[in-house]
Every structure is written in C-alpha cells, then in structure tokens.
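First, the structure itself, so that you have it in front of you.
Think of it as A, B, C, D, E and F in the order they're written, each chain with its own count starting at 1.
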Amino acid sequence: MILHTVNKSPYERINLDSCLRVARIGCGILLLEDGVIAALATGAAAQALSVALSDKSVYVLGPDLDARGLRECDLVIGIKIVDYDGFVDLVAGYDTVQAWL
Amino acid sequence: MILHTVNKSPYERINLDSCLRVARIGCGILLLEDGVIAALATGAAAQALSVALSDKSVYVLGPDLDARGLRECDLVIGIKIVDYDGFVDLVAGYDTVQAWL
Amino acid sequence: MTDETPEEFEDDEYVGVVKKFMFINRKAPYGSIYGHEMQETILISTAFEQDVSVVFMDDGVFLLKKGHDTATINMKNVSPAYRAFKGYDIEKLYVERESLDARGLSPNDLLVPVEVLSATELGDLMEQQDIIISA
Amino acid sequence: MTDETPEEFEDDEYVGVVKKFMFINRKAPYGSIYGHEMQETILISTAFEQDVSVVFMDDGVFLLKKGHDTATINMKNVSPAYRAFKGYDIEKLYVERESLDARGLSPNDLLVPVEVLSATELGDLMEQQDIIISA
Amino acid sequence: MKFGILVNEGPFNHQASDSAYQFTWAALQKGHEIVRVFFYHDGVNNASNLSEPQSDDRNLVKLWSELGQEFDVELMVCVSAGLRRGLTEENLAPGFELSGLGQLIGAGIDSDRLIVFGD
Amino acid sequence: MKFGILVNEGPFNHQASDSAYQFTWAALQKGHEIVRVFFYHDGVNNASNLSEPQSDDRNLVKLWSELGQEFDVELMVCVSAGLRRGLTEENLAPGFELSGLGQLIGAGIDSDRLIVFGD
C-alpha cells in the first residue's frame, strides 16, 4: 500500500482533497509541514479525515505540530502522532510513497 | 477603490475565495497567471464570479489566457479581457493594488 | 530578527510624508518563509514613521498562535518578533474573524492582543490604505 | 526541450531492471515550472527502459490543453514535448476524469490521446507502482 | 504616474518575475515612471549574473538588466535576503544593486501605486 | 532499506529541504542506506556555497554538505536545472556534485523507496 504525504494546509490548497479522492482502502496518509493544520478537530478538514480513518491510517508529524503551537488534544481522534523516526518507519512499512505537493 | 489581483487557480488554492470575501462593491478584480482558469464559464468558480460581476468589475489577462489555450468564448459573460497595457491602465485607474498571492 | 537595524534609515528624506501602509499575512509559519521575512519589512517600516497596519488572515492567523515550539524542526521561532512589535509602536494588528472561525481559533489562542474584524470591515479598512504589501 | 539527450545514459548498468515509474502532474502550465521541468525527467527515463506511466490530474490537465499560445508571455510552449512523447514510446498517458469534469473539459480538448480513469481506477493504478514522482 | 514594483519569486519556479517584467515594460512604454523594482524573498535570484537559461528560452536576468539600464530604472535587491541566498556584489548582473529593505518602504512612499508579484 | 530522496525547493522560501534533511538524518540514524539525494527545480539552490544564512539560523547548505561527507551520501544536483539557476562547479558546497537528470531515475531504480519533498 501507498503512504501518501500531504504538506499543505487544507485552507490554502486542495491537495488533501485530491489525496482523499484517490487514496485506496488500507493506505496511509501522513500530514506534515503546513499539512498538519488539517488534523485540527475544530477545523474544516476534520470530517473528511474522520471518514478516512474508517478504512485508512492517518498520521501527523509531531515536530511540525509543535512548531505551529498545536497539541495532541487538538487533533481529530484516531490520528497518530509520529516523529521523524516514525516517518522513516512509515516509509519503510508502506510499499511506495506519493507526495501530494 | 482597490484593484485586487488573483494569480492562482481556484482549483489549486483558496485565494479567489478570500479575495471575494473581502472585496468591496465597486472594486476591480484582475485574474492573471494561473488565476485566469477561474474565468472559465464551465468551471467551479463561474457562479461566484457571476455574483461578483453584479457589483464589481472582473478582468482577465489575455496573454495568460492565450498561453493556457483558453479563449474569449470560454469565459463567464461580463469578464473583460485586457493585455499588459490594459493591466497598466487598471492599476493607474484604481487607487490601490492588493495582490492575493 | 534582521540584519539591519531600523535606525540606519533615520534620514530626513521622508520626513512629513505619512502614508497608510498595510501588510497582509495569509500564509502559515514554517511551511514557507513569507510571514517570517515580512516581519523584517514591517520592522523596517517603523523607521519611516508611516501609518502601519498589519493583517493576519487565512492561514496567516497561525503566525500568531501561542505555543510555537520549533526546536525539533530546527527553525527560528517567529513568535518573539511579534511580541516585539509593541516596542516598535506597531500596534494596529488585525485578524479576520472568518479566518479564526474556520479554524476553530479564538483571540485567546493568539500571543498578542489584536483587533478582530469581519471580512467586510477588513475590506473597508483595506480600501483606506495607500500601499498594501502582501506575501 | 532538454540540454541532455537520453542517449547519453545508454549504458548497461540498469539492463534488466524494470520498475513501474509513475510521473504525476498536478499543476497548471506557465504559472509554475514543475510540469515543464517534469517533461525532462520523463524523457530521460526512456533511456532506462522502465515501465513509465504519466498522469495528469487537478490543474495538471491544462498542461495537455490544446491551443497554448505563449508568444505574448514570452515563455516556451510546453505542448511540443507532449506531442513528442509518442516518438519516445511514452504511451501510457492517464487523465483523471474528476479533474476534467470539474473544469468542464473533455478528452477532445487535449492535444494527445489519453486514457481517462476515475479517481478510484487511478488509485488502483497508483498502488501498482514502484516509484512515484510528483511535482 | 509613479509605480513601484515588488518581485517575491525567482526567475524559474514561478511566473511572478515574468509578469512583473511584462507589466514594467508596458508601463514604461505608456510613459509611466517606475520608481523602483525591489527584489525580495527568492526574488533576489532574478539578479544573479551566474544564471544561464537554455538558449531557446527567455533570460529574465538579462531582460531586467537591460530594462534597468535602458530606462534608468532602479533594480534593488534586498541585501539581507540576498546574502542568505548567495547574492553578493560579485554576482549581481549589470543594473542591479544591493540595498536595505528600507528601500521597499521608500518605494511605497515615493510611488503612486505599489504592485506585488509573487507565488 | 535503501531510500532515494528528491528535493524540489531551495533552502529558504519553503520547508521542503528542512523536512528532507530531517528525514534523511533520521533514516541514517536508524541504519537505512540513502542511495542518493537528488536536487531538482529550485532545489539546486541547496548546493550553493555562496549562501550565508543569518548567524542565529540553521544553515541547510552546510547541514547537507556535512551529512553528505560524514555518511558518504551522494548529493547530486541536476546540472541543467543548476545551470539555469547559476549553480556551477565553482560554487558547489563540499559534498555536492553536478550530474545528469538520469541519476534521478537511477535513484528510483536503485532504491526501495523514493521520497519527494517540495512545495
């Protein structure tokens, strides 16, 4: 399965929408850089991510969350926080990586 | 009044939405670069631009339309095509310019 | 914060000319440099004694979010410069209400006091400006 | 089109290794260079005799739009390179149906023959790839 | 009328510098005054005399350089943004000069309109 | 496992190079092999030895340069994208080398995973 990476905010660009349209059941989605903003439970992408979590895994890069002043308790439930080590493990664990730049 | 410039496609970024939310009655909106894609009558931004045209002027930069293979007959009715000379005249004719980068 | 001190521009060339300058921040911090480098422009502007307003809207509101911790991404924290604005008499800070609401944020989440304006009010304020610099 | 000819890579180092490479174009032409520089990557890949697929989705579909006339913006037209793809045996060109529909475009608006896939079909095809390069 | 121009992106990844150049050229042809073109952020890369575009492509560094000299337009590159990105006196194309960011504010004060081009 | 890395943006306007660096560092620490880091588009600017970031900021050119030398990782800069943007042998930081775009495809062939960082 693919690990999809999304590095843009869903408020600025449509990248996450495109990713979710194409991503297949069982894949992984990693939010990093400004993409971490999508993970906010109070945000506009929360609903779409909750749906995605029913049959996909969603991860968020902790260092990018910290940088922007966002905390674990702010996130959509079910999203897992990883650090760069975890990012490496995800890349190794999935078969391919697709970056939604 | 302000001349707002929008240089991003409404399918890629939210810039046009932000512009339309803030733009006041009587202002001008110039679509240029990838922003010209918004002017397509068959596109998703057509409705919003039609509403904007009721109390604002909307312009599109012809050279950027030509480059992308789009023609005058493809556009939302009421949008005016200008060339770089016309762009200069618009800047001179409005009081201020705000670029929605 | 910047390699140049505002003081070096304290010459008399522009004395008496006061224009309304508005700086608009619309992008999130760290993912791109625009907000960070815009800080330098805003600070330099104070040496010219202009009428300066700074706007945060769209993802630019995250520039002011409390609690930035950039140690693990090894980038400079943008927060101290915004806290320093007051010392440079940059006091007209505006945040668009619609941008806060869409992100589930409130003024309490921001690290400095701001005036919250609706999109319409912000549009009216923009119309009063002489020069608008955005990034 | 490119400063390098694919021929210069015709060495034996990679003979026998055939991976599925997918190149994904998602950005409009001329506003940014990504689609244009991606053409060079795709052309170079032919020298390695890999299994190459090229995808156009989101605003990337405009890269293939007929009728580009770039004379008045003084930029290089991207169209000739796509027309040349066939000569390099790059024949697996895919366009996402949802992207065309959202823009009111049809395959007749495109300058080369493509296979139109739904988002789901495209997702399945992506899952079969070894290497995906996007920009 | 007096125009100031701000360019925030380099000459390749984005169209910003192209649009700014075409606008500036058109404004000069119509008899307007360009108070200053200011290059900030990655826009400083428009001033690099090391840039060698493909022979069949436009050369924005050269185009700006020639415009600056022919029409006596100030092409000012932010010295601190430039330093970070490797722009120094030695690799500035003719017609460009390094200057403080204050010259951007000065352009705003001296111009009737300031137009920003970026990503 | 063998990783290939593609960096599409320069060291300032976007976070792409930061993320790529942090990822590459973490992968090496975990014992993975980095087959090659390839710099394309404005990413070539990561290789410029002319870049002088502010003293209190990270220096990505230096960080990449040191990583390349310490871990013997190939840091390859697309020669044609570099030429356009003024990158030549003379201003390459230690550890970087100019190469053809074919080396990006080669990285894809030789790696178990290729990870792209960009805007």
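Please note the rule applied: contacts are C-beta pairs under 8 Å (C-beta built on N, C-alpha and C of every residue); 3 or more make two chains touch, one makes a residue touch a chain.
From a predicted model like this one, the values you see are computed outputs, not experimental measurements.
Fewest steps needed to get from chain C to chain D, stepping only to touching chains, is 2.
Separation of chain A from chain B in touch steps, taking the shortest path, is 1. Most remote from chain D, judged by the distance between CA-atom centroids, is C. For the interfaces B-E and D-F, the C-beta contact count is higher for D-F. With centres computed as the average of Cα coordinates, no chain lies farther from chain F than B.
The centroid of the Cα atoms in chain A and the matching centroid in chain D are 26 Å apart.
With centres taken as mean Cα positions, chain E sits 38 Å from chain A. Each chain gets a centre from the mean of its Cα atoms; for chain D and chain E, those two points are 33 Å apart. Counting partner chains per residue, chain D has residues 3, 30-34, 58, 73, 75, 130-132, 134-135 touching two or more of them.
Touching two or more other chains at once are residues 7, 11-12, 14, 33-34, 63, 83, 96-97, 99, 101 of chain B. In chain F, the residues touching two or more other chains are 8, 12-13, 15, 22, 41, 54, 80, 83, 114, 116, 118-119.
Interfaces, counted as pairs of touching chains, are A-B, A-C, A-D, A-F, B-C, B-D, B-E, C-E, C-F, D-E, D-F, E-F.
In the complex of the two chains, the chain A residues touching chain C come out as 7-9, 11-12, 33-34, 37, 40-44, 62-64, 66-71, 83.
Within the complex formed with chain E, the chain D residues making contact are 3, 30-34, 73-76.
Looking at the complex, you find that chain E touches chain B at residues 1, 3, 8, 15-16, 19, 22-23, 25-27, 29-30, 32, 112-119. In the complex of the two chains, the chain D residues touching chain A come out as 24, 26, 34, 57-58, 96, 98, 119-120, 122-124, 126-127, 129-132, 134-135. Against chain E, in their complex, chain F makes its touches with residues 9-10, 12-13, 41-42, 45, 48-54, 80, 83-88, 91, 119.
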